[in-house]
Amino acid sequence: MASISSSYNPREIDNTEDMPGRRAPLITGNQTYTSVTEMVCRVAEDPQPRLWWILFGMASLTASMFLMLIGFLIYKGVGIWGNSSPVFWAWPIVNFVFWVGIGHAGTLISAILFLFRQNWRTSINRAAEAMTIFAVICAGIYPGIHVGRAWLAFWLLPYPSLNLWMWPQFRSPLLWDVFAVGTYASTSLVFWYMGMIPDLATYRDRSKSPFRRFIYGLLCLGWTGSSRHWLVYEKAYTLLAALAAPLVLSVHTVVSFDFAVSQLPGWHTTIFPPYFVAGAIFSGFAMVVTLLVPMRAIYKLENLITLRHLDNMNKIILATGSLVGLAYGTEFFMAWYSQNQYESFTFINRAFGPYWWAYWIMVTCNVISPQLFWFKWMRTNVVAMWIVSIFVNIGMWFERFVITVTSLSRDFLPSSWGYYRPTLFDGLMFFGSFGVFMTLFLLFCRYLPTIAISEVKGVMSASDHAGHLEAEVLAELQGKDPKHAGHAH
Amino acid sequence: MSSKYDLESIELPVTWKRLKPIFFAAGLILLAGGAFLSLFARGADGSTDSAFKFFMHSYLANFMFVMTIALGALFFILIQFVSRAGWSTSIRRIAELIMTTIPFLALMFIPIIAILFANYSAPYEWNVPAEVHSSVVKAKIDIGYLTKEWFSIRAVSYFVLWIAMAFYFFGHSRKQDETGDVEHSLARQKWAGPCIMIFALSVSFAAFDWVMSIDADWFSTIFGVYVFAAGMMAFFATTILISMALQNAGKLQSFVNVEHFHDMGKFMFGFIMFWSYIAFSQLLLYWYGNIPEETFWYQVRLQDGWQYLAYGLIPLHFAIPFLGTLSRHVRRHRLGLTFWAAWALAVHWLDMTFLVMPNAGAPSFMPIVGHLLGGIGMLLVFLSFFLVRASDVPLVPMKDPRLPEALTYANPLL
Amino acid sequence: MNNNEHNVKSNKEPRPPKACGWMAEFENEHDLLHAAEKVRDAGYTKTDAFTPFPVHGIDHALGIKPTILPFIVLCAGLTGLCTALLMQWWMNGVDYKYIISGKPFGITPASIPVSFELTILFSAFTSVLGMLALNGLPKFSNPVFTNAKFDRATNDRFFLYVDATDKYYNRESVKELLSSVHANSLDEVIEDSTPSELPRWILLGALLIVLAGLIPAAIVLNMRASFSDLPRWHVFFDMDFQPKKKPQQTTTIFKDGRTMRPQVPGTISRGQLDQQDPFYLGYDPLKVKTTSIDGEKQIYVSTGDSVANVSAISPAVQPPAGTPASGTPASGTPASGTPASGATPALPFLEKLPIEANEENIKLGKAKYEIYCSACHGYSGFGDGLVSKRAASLAQDTWTPPSSLHLDRIQKQPVGQIFHTISKGQGKMASYASSITPQERWSIVLYVRALQRSRNANIEDVPVDQRGSLTAPAPSQTK
């Protein structure tokens, strides 16, 4: 392991410089295996800080309000929302796509970055995966309650019903969504859980109270850390990563199909699948930054979730934000190039029509604000990145609003045009879904390993090993005796 | 210098250097032979005009076949620096050499510009407004987008941007060969991000201009991504084949190992999947939307015998190579990987044929043979460009500070 | 032999904890790897290492074989793919065909997303469950858990273990071997002597929870299988009692007090053109007006200026498609005996043929007349068809002889009424609507008119150039 002065202050050490030929340490502060375990387990073992209780109180109250509103909605009907002709798909689907999009970062980090051997993922993947699952839960609520008779939402599933004697309509993209989001939620859940098994065993083995030991013992399924188990486990993890990587792409692709298979100008365009996926990753990473910046401060995890991790995430936000901008531009260009009057009208209407404010909020937050991340001081300043990440979250919500509402409010027949206005219930229920999300996330911090302890240790070991090997090869390339070089390093 | 990392092993084999003029001449002869078959041996049904149209489409398809490979190499170099990758250092020079063939390929594009200025309507029907019947295409000409002047200015600017980026990166790489200075890596890292944005924009628009505007009525926003995905797959296939060939000639033995082949195999596999994803997305949205303005592009490709190619791409470009390269044992097997890389390169040619050729009308036997000869000829010309670039340049950036990482990393999973 | 010794030693103690093997503790993974290699080279195969993270190279150092998990997952993925394709093909292409935006049934590009998702779903769950199965997890009782020292295997220590069941196992020599590899410490692993069954209270608790969980399901099942006199629960009042009017209810909004509104005159329902067009009816339905007085349905025939009350019929009989008010009694009196229907126009029958009187239609009418009508009415329309003659010869009084088409009253009938008679029947005559198309019926009417004319014609009706042939003797007459 790279040794750094023991009088370490996380604010002073910069591991964001990665000089070619010498990888900067992924975790700072002269960590050992023991200290990593200590740092992560402390989060769940120590009494929670007062801030946790304040946040949890607020979040659970908001979540309760949300649940009561859902009850009222089911009792009263979807008429309490602002959905009305011609905008029948309004905030509920905007919120659904918003939350599903956020739910893309976790599995992306754990699967795609794993396949690309991006070792820095190990410090953030657990929290991001948890966030993914909670976001998908929030997302799943919206179509569930939007079906009108929410207690019959299970009719979406292809089960042999004795009452209906019929099957779902598999040529509908909405049903693809049921399968895509269902598969994504369950696969993400088992991926997350499987990743946690070794860490839950660590929690078990450190437990002082028998009850705690019993619960964590049950949850970790009797994990021992046996090498024979590890071997199968790693294989399974790799396979899951390889399966989850296309799955991540497919989920938002299918969500984009909900819109794009229609013939509505502004929806029916072939760039939608990759564009939605880029937007989802964009918003997901923004939400990870929004959550991890306070989390690492509250739980003193700056040595594990270092500036380098945040820097990397901000680079991904910049890249995906620019991709999204490229897609906006491509759409506009094609609307002009196609010389199709409906397409042209739709895009001009988006930018300069009645919803111009939503469009320009979207462009400002999604395309312009991440461009600040070209500057390194922005990428490594926690306050600045936190603010930008919030802007990105807002912008991505407005992106879905713009896509859904501007296209629907302008029908082919001008006599059917309308202007959508949300009601108080729309707003309160969207706000309430954040309560559910935050409640679950705070409970996760309280009870489950927030950082993949075993993976961090694995990376520590591997980078140590790689350092020795590289020093030997370097010496050999320079014509020195490799045996001495390896130890000199 | 130890004998393991021998300087001799990073030079182009002497026999290969001699191949430069042979490849170039053979390539030109094949191109000319292909042109002859297309132009003069067309069946009784073909008029001179349609024969010429067929030949121009064939040339464009074969040009795109090699151009996309070079663009894939450029993107590969950019993404290696943006992600600060270490694993690829020992194969990076091969990609750099492929990338620096872009100036030569720009020369190969001159015939297309020349044809435009000679007022031919092939391969771009919009070039002769008098012959255009579609009001949409007329509108596109009227707004000044599809005109030969504008088209040429755009084409020149794409090439200028690509050549500038390629030589900026290649230049730093060569300077580092001499000094070993880390600054050269840092400079490339710094500019890789903005360059990727320029690349994304220019490749999208080049795809719209060069390939999509053949069918000037039609549009698809995903088209640039489609061409990019196809090119990346072909680039990895080409790099695998060149590295394999160099190793078989006794070079790069200790620089490129099974881990690099495994990784390139994974990327090739990944882009086979990505291409399928993009191609399917476009197909599904247009099939489902079922709007005549959009579906006719597929209709053209599903008639006159082209349907065998269109349907054939599903197994050839997706199902078979997908299953073939699914196993890590295949990707780590020299012969297996070589086979699938060659396969990928061949289907990339079919893919470019699928994009360009059906607009030239019904195929007949001799012109198709001519098209195939032209494809082989273009590949040979492209290889001769590569050999020209590779002749005086070491095949590994020996002083790159990340070379030790590339030589030691392992690929234990997947 | 060593086992033997071990057993002897065990027998001396009252409850001897059985030793399972030796466990050596190491500070870091490098020491562990060196030790593992030594143990492997000594020939031991029943070995294992316990580490806080996967140590790379340990599989080689311990001689662990690769897992077959990828193959299992591949099979599961293919199963998922086939399941999805079969499911979609059968559900939407075979069992429940349902047209949606003109898309074909069965497997189409639209089947790909669900197929992809199920492939991933099956593979992903197989990866996890397969991992657990291959590792024998969950397993809550393990000798490794007996020593608190081993808890650091999930934290920061590395353990190497040699199992007593190894065929080369010798307690002393293994101990000696592990002592020579710079282990931090060396312990004998003892069997987990705690009872392996679950505590009684957990079982009881689990049982109670399961039983309690069954209660709602049981209630639902019971309610589904039983009947109740109680009115149903209204949970969603807004849905059950919506502020809207349903059919067959009353309202104060309309003068007639009905929620259902009658159709606007001239409305033609889809597929019911034959009930609205004079061509199919023989009369003009727009001129028929009905109203209801004291439950009696009155039919009024609008003749443009004035409205005449035609008849009062019972509401059970549907006007105007029902029989016109012919007043024919079912007593068996011949239809010709009641002249009422012939005299009064019961319905606003068409006076003019809606088809052209050309040779083609005459020929069609003749052909159809001879097929369908001539059996009773006779070839010339005198009511002397073969059936009629035969019936007359049988002399049974149930037979109503068919009318002669040359009767004055029939000659005076408008063409629409003849059409209507063919369509609806008259007296004993059945409806021919199902056998003869409207076009053919009109042709028959045309032919009947021609027959009638032929009985009342004079020489002026014959074209001038053919009058000569009438004066010449006819071939049949010469014969």
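Letters A, B and C mark the chains as written, and numbering starts fresh at 1 in each.
The definition used in the following text is that contacts are C-beta pairs under 8 Å (C-beta built on N, C-alpha and C of every residue); 3 or more make two chains touch, one makes a residue touch a chain.
Predicted model, so just to flag it, every value in this text is computed and none were measured.
Judged by contacting C-beta pairs, the busier of the interfaces A-B and A-C is A-C.
When every chain is reduced to the mean of its CA atoms, the largest separation from chain A belongs to C. Each chain gets a centre from the mean of its Cα atoms; for chain B and chain C, those two points are 50 Å apart. Our note on geometry: chain A versus chain B, Cα centroid distance of 34 Å, whole angstroms. In this assembly, the C-alpha centroid of chain A lies 40 Å from the C-alpha centroid of chain C.
Residues of chain A found to touch two or more other chains are 234-235, 246, 253, 257.
Multi-chain contact residues of chain C (touching two or more other chains) are listed as 56, 101, 103, 108, 110.
Within chain B, residues 284, 288, 290 each touch two or more of the remaining chains. For chain B in complex with chain C, the residues that touch the partner chain are 280, 283-284, 287-288, 290, 326, 410, 412. By the touch criterion given at the top, residues 18-23, 115-117, 234-235, 238, 241-242, 246, 249, 253, 257, 260-263, 268-274, 315, 318-319, 322-323, 326-327, 330-331, 334, 336-340, 374, 466, 469-474, 476-477, 479 of chain A touch chain B in their complex.
Against chain A, in their complex, chain B makes its touches with residues 1-2, 4-5, 82-84, 86-87, 136, 139-140, 143, 145, 182, 185-186, 189, 193, 196-197, 200-201, 204, 208, 219-225, 266, 273, 277-278, 281-282, 284-286, 288-291, 293, 398, 400-405, 407-409, 413-414. Per the touch definition, chain A reaches chain C in the complex via residues 32-34, 37, 74-77, 158, 165-173, 175-176, 179-180, 182-183, 186-187, 190-191, 193-194, 198, 201-202, 204-206, 217-218, 221-236, 239-240, 243-244, 246-247, 250, 253-254, 257, 453-455, 457-458, 461-462, 465. Of all residues in chain C, only 29, 48-56, 58-59, 62, 64, 66-67, 69-70, 73, 77, 87-88, 91-92, 95-96, 98, 100-101, 103, 108, 110-111, 113-114, 116-118, 120-121, 123-125, 127-128, 130-132, 134-135, 137-142, 144-145, 151-156, 235-236, 238-239 touch chain A in the complex they form.
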